[in-house]
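Both complexes shown next keep subunit A, but they swap its partner, so subunit B is in the first and subunit C is in the second.
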Partner chain A sequence: MKKKSKVPALITWIIIAAVYAGVFAAEQVLPATSMLFTVLKKGATYALVAVSMNLLNGFTGIFSLGQAGFMLIGAYVYGIFTIPVADRPVVYQYYDGGVIQFALPVVLALALAGLAAAFFAFLIGLPVLRLKSDYLAIATLGFAEIIRVIVQWNPMGPVTNGSNMLRLFPNFNDFNIRNAQGEVTVYLSTLIPFLISGVCIGLIVLLLNSGYGRALKSIRDDEIAAEAMGINLAHHKRLAFCISSFFAGIGGAMLAMYQTTVQAKFFTTAMTYEILLIVVIGGVGSVTGSVFSSFLFVAASEWWLRFLDEKQMIGSFEVPLLRNGFRLVVFSVIIMVVVLFFRRGIMGTKELPDLFRKKRKEEAEK
Partner chain B sequence: MSEANVQTVADMQTAGIPVLKLEHLTMQFGGVIAVNDFSMHIDQGEIVALIGPNGAGKTTAFNCVTSVYQPTGGRIYFKDQEIGSGRIHHTPDRITRMGIARTFQNIRLFSGMTVMDNVMTAMHLRRRSNLVTQMLHLNADEERKNREKAWKLLKTVGLTDVAEELATSLPYGKQRLLEIARALATDPSLLLLDEPAAGMNPQETAELGQFIVRIKNEFDLTVFMIEHHMNLVMDISDRIYVLDFGKPIANGTPEEVQQNPVVIAAYLGVDEE
Partner chain C sequence: MWNTIFPYLLSGVSVGGQYALIAIGYTMVYGILRLINFAHGDVFMVAGIVMVYIAASGLPLWVCIPAVLLITAAVGFIIERVAYKPLRSAPRMSAMISAIGVSYTLQNLVLYITGGLNKQYPTIPGISNSIQIGGATTKVVTVITPVLVILLVAALVTLINKTKIGMAMRAVSKDFETAQLMGIKINSVISTTFVIGSFLAGVGSVLYFTNYPTVIQTSGAMPGLKAFVAAVFGGIGSIPGAVIGAFIIGIMENIIKGLDVILFKAGVIAKPLGLAIFSDAFTFALLIVILVVKPTGLFGEKTTDKV
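This part shows the complex of A and B:
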């Protein structure tokens, strides 16, 4: 049997290590208010959610649009269980401090956020996964809308704080190490989301490279053949749906930490579309593509294309069309261009190590 | 030969329990009866062919055996177990787990996966590891064994040199062989081949015939195949069943079937004076 070259994997590990080292170093050197860190934090969060969506849409062939709903569950579970007891009367001011009077450690709450999302996925999966393609997308979209309304429902208030926001729970900035005077000595607020995302995405990659990953891909490629090869469709689809939702839940919790507040009305269908956009631009069926394009997307929407929303003067000439909301028009055009001309996205179905593999093969042929 | 003698020969043939037995199998779609009262059996180690003109219901019969359809009438037995009837229906993956593997008439490979991974996927059903051990790659031993087994299967069908290519990049004939290798990876005792020689030239077809006999012996299989290439069917089958418009019209050894006037009429059309 041919042995696979280890070099591409090695290069990949070096790149990943360099990125983490770079993030850590940049955080110590650059001012904490730099736009770069906003992009990196949100990018890391979206990367995890995009990969979790890709696990379903790109690797299992289940077209689900419930991502925002599962993120919402994750964000709320995280928020509800981590607000310090002392702060609860302030947060839950309309509900007498709420019913939950304890706080969990962050790591535990993160896991719980994922588990809660996975549990809901299991429940809706029972009826919904019997549906095919478009119908499944519509059903999951409906779920996301319903859960958003239920959370804001007044009788749920003592738990979810109704339509008021949850706040004062630990966020990314609380990971910075401070000295006795309260000054930050080591900045970790960007490295931590990178670590959480990295571990989760790593787990997804491990899953995809295992026998279960092959089974999921076979369902995507040909359901009938997969079933004829002994793969239990219902079981594996449910598994993929729950795992995807688990990580979407953790992604939601990370988004809560990033925003420092949670409010149901932010988890709209538009958020699911943003993530779908990231997946499509990155390449349906490529983890690397999803990660890369989520940073690209966040950087473009939060930073590089911000100028489109404001009046711009070149000398005394006012650039036409630029006003609040124009950014979204440009985004729509980008989507159309991608869908029409780059249907396979940035990466297609390739992963980071494949890039070096191909180059090496070409070299060998020369 | 006296009638009593014929009886004993028949008894000897069915002494063991047949690997596959259909009893009055009927499959009706609305007003169309695709398979009509089809009874047959296959014994251990036989190669049995199912022939008939296009639209005769051959693939439908296969789909009933593999539980893609639930028969509307009759019973299907695998060894001593009833696996399909009006009251018993499993999902196709369970049928495969019991030991019935199949290939498809219109090739159904996993297009986004390599040749190797196509075969490896078919071993997923016999896994000993669970999700957690697989995810954390604690099943390296099993994975290595599976890879070796897959490699051996690819060697059997002569596809080791393209093991890391995409399955769909293979030429047609090789895709058919890969489908057989993938079916073998599920550890079947009964192999269903749906037109394995479709699209092959006479040379390739002859090779395929030898190949089917070889894997039958090597993997201790019983083979049930649908085929249109009469040379192949006559060469390697022990017995043949003929379907026409869903109805069984003849069965017997290749010689018997070849000379059966009903079969000839079905294939060539009846001469209307």
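This part shows the complex of A and C:
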């Protein structure tokens, strides 16, 4: 057997390193208010969430719609445990400062956010993972709705702040290094989400390339055959579900940092749908595709297509149809076109190194 | 005690009837295509919005309501042709994603048209009036809903059991491919199913929005999901099951909405616990319990998967 070429992997590493270097450099040079950084921060967050959803829907074949619920858990755990003690009376003004009177370091709180989401995934997975495709989708969706309500329930207020928002916890801007006068000397507020997201996605890729990953893919392709080959279905599905939720939890915590506030009412089914559509656009079963389409989706919706929501004049001609909400209509149409005619999405099931591999193969054939 | 519970029971029956009309659409489509039509709740919402705009144009109501029902049926037909038909041979997940895409599209379209504002549903004389029943004040629509639901379901069951198209529907839901080989025009059967489902959702929307008279692009999501739960509860594919499930869910939901008041008046609790916010969550908890305990629902048929 011919040994696999190491060149594609090398090119991939170079691209990744270049992206990180580019982000770091851009952040030092461009003004911090640039739209680019909003897109990059949110894109990095969505990339992690989309990849974690792809781990379930694309690689294991479990059609779960509970993503928003797990993100909510992550966001709340992060918020609850990192609000500085001094700020708690302000945040929990209706609940006498809340019951939790300590704050954890950010890294620990992030891990805890993931673990809490994974724990709930384990609990809900016990009954739900026995279900078949579409029933499972609805059951996980229902679970997300239940979580959202429980968090807002008044008696939970001393912990979750009820239906009021959590705020004043450390956000991305707090990662910037400042000098004694409070001026920013090194900007890190975009690089840090890239690093968190990058490490997490890296871990997911490692998992997918391991024996476990192959087992998960075989479950996706044919459950019964996989079981016949000695793969413990229940165990592997539970594992995938918990790991996916773990990273969704971290993604939720990152979303909290990005938004600087957390409120349960934003973690709706619509958010899950949005992430699902990102996964579909990127290609169900491709990590690279999910990452790429997250940035594309965020950039298009927050930045490039903004002009569709405002009146535009070309000379003295007013472009018709353009007004608030048109952007979303255009978006929906693009998504429907992808879903109906380009079912493989941007990347299909290919990854970044495959792109270089294929070209080389073609060259060799010539 | 009875006086406290009765009003909640009454609105429960009413809402339950409205869910039933939506649930039939879910259950019929699932029975034939094995597809959860996530967009069905949004079709229901579109029916509401269409009514708002048609009524605003000044047409008399006896023209408006049939027009709304026709347009809703047409919307259902178009959705099936555009979004589901091309995916008939694709994996089930693709069709489900397409359904989610349609739901997203419909919501965004309505958001664009209405500007994201709450729209006031027109008052329909006759059924919006208040009446007194057993010491509780309610709208006439509360009483009409269950009667209308029973009539429509009876008509639908007759259609399915006695007519040729009904027989074709049953055949398609039993075995898709064999039915096709027997010369049944699958596409027209599926279209008919969507038209009937959307028509009933249209009727449901007239009744529902008379009770809760504001329409916004997300109005269909919750009733849609609940109707789906009702369909699963009753055993998906079974029309009487969906109706009974919907009534049970409607009643339970309203009882929970009033649970604080009921328990307080009964002297069980000293102060309100804010349990009313669990009225939606309860439906989903019920769903999970049902799926785990009896996945086929109350009246569902048992199926086995073969390799």
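The rule we apply is simple: the second predicted complex is superposed on the first by the 365 of 366 C-alpha atoms of A that agree within 3 Å, B and C clash if a C-alpha of one lies under 4 Å from a C-alpha of the other, contacts with A are read in each partner's own complex, and residues count from 1 in each chain.
In this text, a contact is a pair of C-beta atoms (placed from the backbone, for glycine too) under 8 Å apart; a residue touches a chain by one contact, two chains touch by 3 or more.
Since this is a predicted model, take the numbers as computed values, not measurements.
Undergrad: First (subunit B), second (subunit C), both or neither: which does A:Thr349 touch?
TA: first
Undergrad: Counting only touches as set out at the top, which of subunit B and subunit C does A:Asp134 meet: first, second, both, neither?
TA: After superposition on chain A, A:Asp134 lies in contact with subunit C alone.
Undergrad: Once the structures are superposed on A, label A:Gly285 by its partner contacts, choosing first (subunit B), second (subunit C), both or neither.
TA: Only subunit B; A:Gly285 stays clear of subunit C.
Undergrad: Once the structures are superposed on A, label A:Ser332 by its partner contacts, choosing first (subunit B), second (subunit C), both or neither.
TA: Only subunit C; A:Ser332 stays clear of subunit B.
Undergrad: Is A:Ile224 in contact with subunit B, with subunit C, with both, or with neither (first, second, both, neither)?
TA: Touch partners of A:Ile224: subunit B and subunit C.
Undergrad: A:Asn232 contacts which: subunit B (first), subunit C (second), both, neither?
TA: first
Undergrad: Look at A:Tyr212 in the shared chain and tell me whether it touches subunit B only, subunit C only, both, or neither; answer first, second, both or neither.
TA: Only subunit B is touched by A:Tyr212; subunit C is not.
Undergrad: Kindly classify A:Glu145 by the partners it touches after superposition: subunit B alone (first), subunit C alone (second), both, or neither?
TA: second
Undergrad: For the three-chain arrangement built by superposition, which of subunit B and subunit C touches the greater number of subunit A residues?
TA: Greater contact footprint in residues on subunit A: C.
Undergrad: Where on subunit A do the contacts with subunit B and the contacts with subunit C coincide?
TA: 224-225
Undergrad: Inside the complex, what are the residues of subunit A that reach subunit B?
TA: 1-2, 203, 206-207, 209-212, 214-215, 217-218, 220-222, 224-234, 239, 285, 349
Undergrad: Touching subunit A in the complex: which residues of subunit B?
TA: The contact residues of subunit B facing subunit A are 66, 68, 91-94, 96-97, 101-102, 104, 108-113, 117, 120-127, 129, 131, 134-137, 139, 143, 146-148, 151, 163-164, 182-183, 185-186.
Undergrad: Under the stated contact criterion, what part of subunit C meets subunit A in this complex?
TA: Contact set of subunit C toward subunit A: 34-36, 82-83, 86-87, 90, 92-94, 96-98, 100-105, 107-109, 111-112, 115-116, 218, 221, 225, 228-229, 232, 273-274, 277-278, 280-281, 283-285, 287-288, 291-292, 295, 305, 307.
Undergrad: Contact residues on subunit A for subunit C in the complex?
TA: 57, 63, 127-128, 130-135, 137-139, 141-143, 145-146, 149-150, 152-155, 224-225, 269-270, 273, 276-277, 280, 284, 323-326, 328-329, 331-333, 335-336, 339-340, 343
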